[in-house]
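You will see two complexes here that share subunit A, one where it goes with subunit B and one where it goes with subunit C.
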Partner chain A sequence: MRELSLHILDIAENGIVAGGNCIWIEVDEARKKDQFKIRVRDNGSGIPMEKLENIDNPFITSRATRSFGLGLSLLSAAAKRCDGALRIDTQSGKGTEVEAIFRYHHIDRAPLGDMAATITTLIIGNPEIDFIYSHRTDDKDFSLDTRQIRAEMEKLSRSDPGSLQRLSETIRSSLKTLTTNESMS
Partner chain B sequence: MMVKDLVDEFDLELTAGESGLDRKVTDGYCGDLLSEIMSNAPRGCAWMTVQGHQNIVAVAVQREMAAIIITGGQTPDVETIKKADQKGIPILLWPNSSFRLAGHLFSLGIGTRAAE
Partner chain C sequence: MAKLTVEDLKKIKEKTIKQTSLRDGSAHIKITVHMGTCGIAAGAREVMSALMEEMAEADRQDIQVIASGCIGKCNTEPNVTIEQHGSEPIVYQHMDPDKIRRIFKQHVLRGEVQTDFVLAKM
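For the complex of A and B:
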């Protein structure tokens, strides 16, 4: 995939399909440590052990149940190509945590892409699911928790269709502050 | 053949690096894995890729490429355009696949002499 945000969207959707009603998404751009970390956690049904053993094999997917799909093997390959790794922690009935680590400055590390659009897409497409998104750079962070803005969001989206567009803009400008200040230091 | 001849011949859209339009195109290369391109792309090539982030300009400069052609309807990031303008590396857009354009370039004789 051209952008890591597409992987994030993919894994978050896996979590939703696995029955989770809350998805945690973390992006950590530790430039000084030369490490780029993505973590997606859900409280869904978990990935069965036999599937987990074959996570690097794209020919074994669980399309039928879609507890995970082709995406994890692609993400694993992308992370390894960039001197990183994929770690999956899953517990039956409790949920799954997927962590992908890349070397930040590796030439083959895809750019993150449009996280504002990704998060907004998830929120709009899954109004019944909570999303907790946090994004860190070396010394700054941004977070968004739909549990805190839910009531307001529901009111707004019913009366004002443009409100979600504005949410996207808010996320986008906050993230811009994170990365702009960062590159000046 | 110069980059601007390619632009005219295939109606490519020029998005950046206008000052490099008179660079000479002597070869072609296709690929999206930047580490591989950095090792293998020939000097003076027109490079066809779907990547759009600013690293492509650094790779093009390092390999002394003639131009970058972003294929498949993809587009470059804003930073990529800025870097390409600074470095005078033309970035051209082609809506179809790299394979199709590479075939056209090859039939024009680009890269055939370099292979001898």
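For the complex of A and C:
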């Protein structure tokens, strides 16, 4: 994967395949601590213990549960390559939390990439699922909760592609503000 | 109490038609972007973004775009399946933003299957 935002898209899709109807995505760019943290949580069915023990092995996945195999092992490899780690917390029937930590300034750390595209892709492709996204840099943050969009913006039909494109632009410009301020400090 | 005008009724009617056509899943055309790990790594997200732009331009309420998992043909990703009411689903292979734009304009809007990009008829 060329971008960390593609890993995020992949792990979030895993949560949906696992039957979750709500996905929490957190990105924490702590430059001063030299740490880049990604957390994706779902309220799906959880990962069986025997799969979890072999999570680094891309060949352990079976066809039926392939989404728990290749994607996580790729993310795990990416994190370890950057002096980081992958942590998975899973509870049967309650959901899974995946946390990937990277050294922020590590030369091998892939760029975050287009998070706005990742979030809008999730929203457009999964109209029944709610997404809660929060993004922090050292001193700024941005958050988006589709449960609030549903409740507050009655006119925004989520299958109306025009409104999704506007949403995508809003996210993109908000995130740009986060990073621009950061580089100035 | 304010009076209900004919204009109001028209608006309510339009709104209801829009909402119900989405709710009962009676979308005429369904576009599925396959988003397994393989599809995402091969560029499925960019295909989805291009589709979103085309959808905004076309402004059609009877077209539904959804994401789904891998179909098991990882070497031909990104794959996109187009299901049109009354005809067989068509699976396209090796999609990119330009190809999906052409397929959207020619196949989805005009019903002309773009045979040079087809992987299979289901």
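Definition applied: the second predicted complex is superposed on the first by the 170 of 185 C-alpha atoms of A that agree within 3 Å, B and C clash if a C-alpha of one lies under 4 Å from a C-alpha of the other, contacts with A are read in each partner's own complex, and residues count from 1 in each chain.
In this text, a residue touches a chain if its C-beta (ideal position, glycine included) is under 8 Å from a C-beta of that chain, and two chains touch if they have at least 3 such contacts.
What you are looking at is a predicted structure, and each value in this text was computed from that prediction instead of being measured.
Participant: Between subunit B (first) and subunit C (second), which, if any, makes contact with A:Thr121: first, second, both or neither?
Facilitator: A:Thr121 sits against subunit C, while subunit B stays out of touch.
Participant: Have a look at where A:Val17 lands relative to subunit B and subunit C in the superposition and call it first, second, both or neither.
Facilitator: second
Participant: One more residue to check, A:Asp108. First (subunit B), second (subunit C), both or neither?
Facilitator: In the superposition, A:Asp108 touches subunit B alone.
Participant: Looking only at subunit A, is it subunit B or subunit C that touches more of its residues?
Facilitator: C
Participant: Which holds for A:Gly93: it touches subunit B only (first), subunit C only (second), both, or neither?
Facilitator: Touch status of A:Gly93: no partner.
Participant: Mind listing the subunit B positions that touch subunit A in their complex?
Facilitator: Residue list for subunit B touching subunit A: 33-35, 38, 50-53, 55, 59, 74, 77.
Participant: Using the touch rule from the top, collect the residues of subunit A that touch subunit B in their complex.
Facilitator: 2, 81, 107-108, 110-111
Participant: Enumerate the contact residues on subunit A facing subunit C in the complex.
Facilitator: Touching subunit C from subunit A are residues 1, 6, 9-10, 13, 17, 63, 66-67, 70-71, 74, 114, 117-118, 120-122, 124-127, 157, 159-162, 164-165, 168.
Participant: In the complex, go through subunit C and note every residue touching subunit A.
Facilitator: 18-19, 22, 33, 35-38, 40-41, 45-46, 48-49, 52-53, 55-56, 59, 61, 64-70, 72
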